[in-house]
Amino acid sequence: MSHLLEVKNLKKYFKTANGALHAVDDVTFTLDENETLGVVGESGCGKSTLGRTVLGLHDATEGEIWFDGENITNVSKAKFHELRKEMQIIFQDPYASLNPRMTVGDTIAEPLQIYGMFTEGNDRDVRVKELMDLVGLDQRFINSYPHELDGGRRQRIGIARALALEPRFIVCDEPVSALDVSIQAQILNLMQDLQEKQNLSYLFITHNLSVVKHISDKIMVMYLGQMVELSDGKELFVSTLHPYTKALLSAIPRASIHQNRQRIILKGELTSPINPKPGCRFAPRCNYATPACFEKNPALEEVLPNHFVACHNVKEINGL
Amino acid sequence: MIPVMLGVVLVIFVMLSLSPGDPAVQMLGPDATPEQLEELRDDLGLNDPFLVRYVKYVWNLLHGDLGTSYTTKQPVAKEIFERFPTTLLFTTLACIVGAIVGILFGIVSAVKQYTWFDNVSRVIALIGISVPSFWLGLMFIIWFSVGLGWFPSSGFYGPKYWVLPSLTVGLVQASNVMRQTRSAMLDVVRQDYIRTARAKGQSEMKVIFSHELPNALIPIVTVLGMQFGRGMGGSIISEQVFAIPGIGMLMTNAIGNLNYPVVQGGVLVIALSFSIVNLLIDILYAFIDPRIKSLYSGKKRVRKTKNEFVREPGKESAANG
Amino acid sequence: MSLLDIKNLTIHYETDAGCVEAVNDVNLKLEKGETLGLVGETGAGKTTIALGIMRLVPDPPGVIKNGEIFFEGKDLRTLREKDMRKIRGGRISMIFQDPMTSLNPVKTVEEQITEVIRLHQKLSKAEAERKACEMLELVGINAERITDYPHQFSGGMKQRVVIAIALACNPELLIADEPTTALDVTIQAQVIEMMIKLKNDLQTSMILITHDLGVVAEMCDKVGIMYAGEIVEYGTLEDIFDGEQHHPYTVGLFGAIPNLDVETDRLTPIEGLMPDPMNLPEGCNFCPRCKYADEHCKTANPVSHEVGEGHFIKCHRFAKEG
Amino acid sequence: MKTTKLNRAVALLLAMLLVFGMTACTSKPATTEPATTEPSTTEPATTEPSTTEPETKYVSKDHLVVVGKTEPASIDPHNGNMVTQFTIDFQVFDRLFVMDENSNITPQLAETWEWIDDTTLRVKIHEGVKFSNGDDLTAEDVLYTLQRGCESSYSAATLDPFDAAACKVVDPYTIDIVTKQPYPGAIATLTHGRASIVCKRAIEEMGDEYSRTPVGSGRLIVDKWTAGDSIEFSRNENYWNEEAKPTFSKLTLRFVSENASRAIEVETGAADLALEIAATDMTRLDENPNVTITAVPGATLNQLVINSANFPYFTPEVRRALHMAINTEAITKTAYVTADRADSLLPPSCWGYKAVDESKTAYDPDGAKAILAAEGFDMSTPLVINVAKGNEVGTAAEMICNMWNAIGLNASVEILENATLTTNNSKGQTPICITTYTCACGLPESMFLNFEKTTTYAWTDDMAFVDALKAAKTITDDAARQAEYERLQQYAWDLNNVIPLCVSQRVYATGANVEGLQPSPTNQPDFSLLNVLVEAN
Amino acid sequence: MANNTVKAAPKKNSQAKEVWRRFKKNKLAVAGLVIIFILIIAAILAPVIAPYGYDDQDYSATLIRFSKEHLLGTDNLGRDILSRLLYGSRVSLTIGFISVGIGLVIGGLVGAISGYYGGVLDDILMRIVDIIMAIPSIILAISICAALGPGLINTMIAVGISSIPNYARILRSSILSIKQQEFVEAATAIGASDARIIAKHIIPNSLSGLIVQASMGVGRAIISAASMSFVGLGIQPPNPEWGAMLSFGRTYFRDYGYMVLYPGLFIFIAVLSMNLIGDGLRDALDPRLKR
């Protein structure tokens, strides 16, 4: 059976004044219906670019994207237009992702207008109101402007706009990072409810490990454009294999006072993604680095069932 | 810069050749016979097709020959460079007055926002940009030259003569500079590093002059550059009011008499000085703002215009929790 | 005598659109060498308190309605501006949230560090420069980079420079307003670890403002939970993280954070939204979102009750019977 | 926030006060008491010494300043078509004969002269006359001047009567000047600026440079010409005629195009003499005790020209009607102000002038309307009056346009760049225009010159009249010539191709204690005669 | 879960109403609007309210400073200055608004194209804009008039063309900054076409800078038309224009100062009120209130 979404060896390089920026370097994963793949990594690791390239907002440099068994890599404008009914995106910054000069109602209705769904007049209004109810937005806001609302409500407008075309796959680019903790929880619950009701599959991009653990079925960790680890959500936290993921996990401050465990503090800073040298890009900061790490790109191997790691010395590190 | 210059010459060439007048008649006067007119047109090259004339003009230009003036038969270069320093001096003086008065008032009214000083200077600035400079010039002559007799009313021979003209144009420019300085300072006042400076226990005066002003200089310098360019053009009117022997008067007469070489030469010189000033402004930016300097030095020269620090696609924005 | 003692502090912003009651009747105490964590969501008034202490609340529209701020026994509100400037950066210094915009882009790092040193310590230019290099090494930056400009540093490095500036004059009290929020997790870990080390070496007491309970657990001795301009719960780290009695908002906060070590399939968010600071509800501010709210909560604004040694909760349910 | 409202009100009040302050003091008439004569580049002009003071001693001022309006392109008499150059030629060059302000001719270089036949004039010139470059001025130079003058397109029309080829040098200081046909106006023509004697050797060496740094034998020498600003002269120390040498050693001629500024220069004592004072400034300067105004009838005729050669619908009767519809008295008084109404084609200072019988063209708007109706003239045809830039000529055009529209015509005004106007005129494309024509050397032929050429203004289609004009030039007998010109004046007047409006006056303004002003009608006063008395201290 | 109380949604408080509410608060700006309104009315009703025709010459009443019949006095041809100023407001205001229109449309188009599409097209268009900027506006205007001939329309074209660079640069820079906003990327994501993005998302958000410049531009246009008459071109007599009256009056300004004062004052008041409106609009349109 074919997966809903299959990405093979996807690469995305950007031309900059000082050389090629390797934003996404050889990423492979699959996503099925009603499933959430969490993509986690620090800033500059290419997770946002991955999301936008999968969606077709950027043209892929190399590799293939298959959606519902059809190759949609760098499709024509018409095909891209047609695909919007299937694939949508939710943005991070609730303030910047809404047109300040359009009312809530118009913003949600715009996708319907573009595709001519629900004729003009009241039944398009009815659909908009339905969507507002769906995302828990009070109907009295239909004529108000984004700047009159708080962050939480604006994010709900973004979600409603994404759902308008009843897509089957949504890229969520840090949907809750810009929100306060209590509002964050409301939106996460909302997204989980929508997934069940609308049978959606998410590509959930975030830098916050606790959020990704809570919401994802499978989790992929990225570092400077490269995939370092991919496994089931719960499995990743039980047996963490890649040194970067270990460091990432230990760096997160826990909200409890009985945590007197040794913390792995990484040395140095992110290296530049422009014209990167071959080999594992985490090597310069890795405590287990060996000369091999600096020469050859580590290939993604299935070290444990359904648990892939890209590291030359993964077995030695974990004593497998 | 070169393409702009060529473009400028082309535009003026087109404009002049469109005008119905015939320079030959203007030169030889009404009594000249048709044969003499025809003969003169030939040796002036006016009968050649448009493109040939343009190429020939540019070719001479490259050899530094601006052609000879139809009326005075003097080399255009000599005639222009005899009078260009006067216009340059006049415009620079006006810009200096504009800069000093403008920046000073701009800073004080930005720092003392919501006070009466801020409101009064803003209203005066509004009045300043609404007054036609030649009207102001006439008024100044009535009061200061004729009424009080402090300054001569025309001519441009010594410092005494410079006062009225540069004040007239300078004050109008000052209003523009003041408004720009004020809004630039108000932008900077809201930045975080100003709060950091205050948190260091820095005195208010130091915060303004060593933290706020350096950061506000870029938009201010941009406006000054624009003012100088507009000043060169505007001098044409003010030179007429104060009888200043600059290239402004030369140009207006030249256009009146269809003296092609002088018009082209004059416009070229003004356009050249305008571009040079812009170049100086760009260089100045590098001194004011290290971020721009780093764009030039070391890495390949990436010419980023002032206001578009385009965010490279794909670079994550710092993910704030 | 405690280092810092804030009594009934009230700060409002009077704008054209109305009066924003940012901070209402806050009481806080901080001993020497201690770290107090102020936790709360956006708009709770955390930053306003910090600016109040530094007397940097922007004058129009901000106004300190009443309250005293005793620092080393002196009420800062009575000081002349000249003396207050001696304290700012010298005795109390502050770190801000976004490193990207906290440094002056057109001045070198050296100028920005030596500036605070020469303001508070009578040192020659050369000595100041040497001290600046020392501070950079202290915060883990190679001293050779002292003549670089801020845009040549990464986010993490810039925050280290800001910390170097704040600690250059060895202040008694450091106020850190969300110091690591804008940083990546691994960089945040490095900065937190460095701040803890510096705090202990220099014996600096600190007020840490954050919305991340994890960071509080790592760095603080005392914790104050803020909601809508008031401190709803105040106590030691143990009281807040391990104690049984909590203010409903504290409970809600812990419930809303996805926890790495605990399996939860659905979070328990706090319903509703932060109240509008321009017209705060009658009675208890949290009442509209509180599960246990009753008639009494709607009408009377509760007082802070001491439920344990040094552990205060501002909720009627904890009022002592009889 | 009540404070901001208060601040705004205070600000508004202050600003309004400032604006009214500015406007208030401009509306009250500029104070008439003399501007304090602040010491400018020249010594201060003293005020009238009151009698009680001790007798102050006076001495001639050494450096004079004259202010003119338009800067000429060149000073070379045969190269350049701007009238203002003759003002300077008069100072820098000598001529065989000169004409004073009441247009009687006196010899300058010519010592003795006689007509040896009716087309040859033998002239003997003074010996020992030197050019500024030291060369002797000989008959050779006079011959060269005539040949060059007749050749150059600028001066050919004025020196047309002379047959340059036939002229010959008799001896180093005597020359025979031959005219093509008997021409009584020959000697008068020799007083023209175009007949200034140039230095042959200098021209051959300098070529075009000569027009900027001329070599002449006149009383003043050009020291320095700052383009667009001024020309500095110094006294020609070895001028051949001792008494004609000026009392001052240096003179600066500044060019200020703004009429008002030029008047202010004399008012503030910065200049000793101002040429071409505008009517608007005349009244005020007159009241100023430090300034004396001298206005003399000029030799320039302002005229409306109707082109019937290329626009046939301007029939003689239509032209007469157009003339009758114009109130020239009002135009003279309101548009030109310092002018006298013209009552002939010739200015009064011109030889042969006689006021014409204006009965046929008296001002009668209704009569004009009737004639136009009778002629069946299409009243809607657009009558476009073309004029060059200038206050007086623009005002006159507006008045005429208003008067014609008053009787139902469709008149309008169009101001053109002078180059465009001269081009249209030379092609005869201008239907109606207002222009000026200056009488040269008091010769009637110079005023009728444009009738002869179809290319320039007059465009009359009456060829018989043109032939009569040509014939009149050759009448040697004065009485017969006078009678013929009187007939021609009357005929031209009734032709209505050229409708004279007024003769503008020449207005000069001199500072305190300035003597010796020769108010020439053709704006060529002899600067060397000027003498300014200042206190010797 | 959401309580969809069936409360009537508040009327569509359009963006314009919002801007008007903020604009009203600025007293000076409202004053400016009122003055301009009065001038426009005066221009339209000129034939009715003007005591005389603009070209009624009365040679017996020339150069009178003030009299009962002539409130603002008469000029050298005895024409009533007040009437000429009222008729003149027609010409001057038309020049002001129409030439801004020309500059706005052409400049805006150039700015939009080069801002949105960038690349080579952007470079070429910007070079052309640089060329127009390098030539001083007065010389450009004079040569256009010399080429096309004087007159109202040519003056408007000349002034309009010399204002193109201004509008082009402003629209281009605001489009460049808006193009990078996330909501533009969001619009692409929901399948909006280029045209729709420009029309619905980019232009509405970049108009504020342009509107402010346009209102200031009207003032500048009136002044440059006046300066062209000062140099002797521009409007043909006898139809009145403030600039022509001012430049003609300057030979009389010593004794009859009012000939220069009143036209100058009218220009000043019209331009000042347009600038006040511009200032008011800038604050009303720019949410970060920078008073």
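Note that the chains are named A, B, C, D and E in the order they appear, and that numbering of residues resets to 1 at the start of each chain.
By our rule, a contact is a pair of C-beta atoms (placed from the backbone, for glycine too) under 8 Å apart; a residue touches a chain by one contact, two chains touch by 3 or more.
Since we're looking at a predicted model, the values are computed, not measured.
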item: Shortest chain-hopping distance from chain A out to chain E; value: 1
item: Identity of the chain that, by mean CA position, is farthest from chain C; value: D
item: Central chain (by mean CA position); value: B
item: Result of counting contacting C-beta pairs for D-E and A-C, higher pair; value: A-C
item: CA centroid of chain B to CA centroid of chain C, Å; value: 51
item: Distance from chain D to chain A - Cα centre to Cα centre, in angstrom; value: 89
item: Geometric centre distance via CA averages, chain D-chain B, whole Å; value: 39
item: Shared interface positions of chain C, touching two or more other chains; value: 60, 184, 212
item: Multi-partner residues of chain D (at least 2 other chains); value: 8, 12, 26, 30, 258, 260, 264, 389, 417, 420
item: Contacts with two or more other chains, residues of chain B listed in rising order; value: 19-21, 114, 123, 127, 139, 142, 146, 240-241, 255-256, 258, 318-321
item: Touching residues (chain side chain C, partner chain A) in the complex; value: 41-42, 154, 156-157, 184-190, 192-193, 211-218, 237-238, 241-242, 252-261, 264, 266-271, 273-274
item: Touch list for chain C against partner chain B, complex; value: 54, 56, 60, 85-90, 93-94, 96, 98, 100-107, 115-116, 119-120, 149, 151-152, 155, 162, 165, 181-184, 212
item: Touching residues (chain side chain D, partner chain E) in the complex; value: 8, 12, 23, 26-30, 258-260, 263-264, 278, 280-281, 283-284, 330, 333-335, 389, 391, 394-395, 397-399, 401-402, 405, 412-417, 420
item: Partner chain B, residues of chain D touching it in the complex; value: 3-4, 7-8, 10-12, 14-15, 18-19, 22, 25-26, 30-31, 35-36, 38, 40-41, 73-74, 79-81, 153-154, 156-157, 208, 211-212, 226-229, 254-258, 260-261, 264-265, 267-268, 270, 389, 417-420, 422-426, 453, 455-457
item: Residue numbers on chain B that touch chain C, as the complex places them; value: 114, 191-193, 195-203, 211, 214-215, 288-291, 294, 318-321
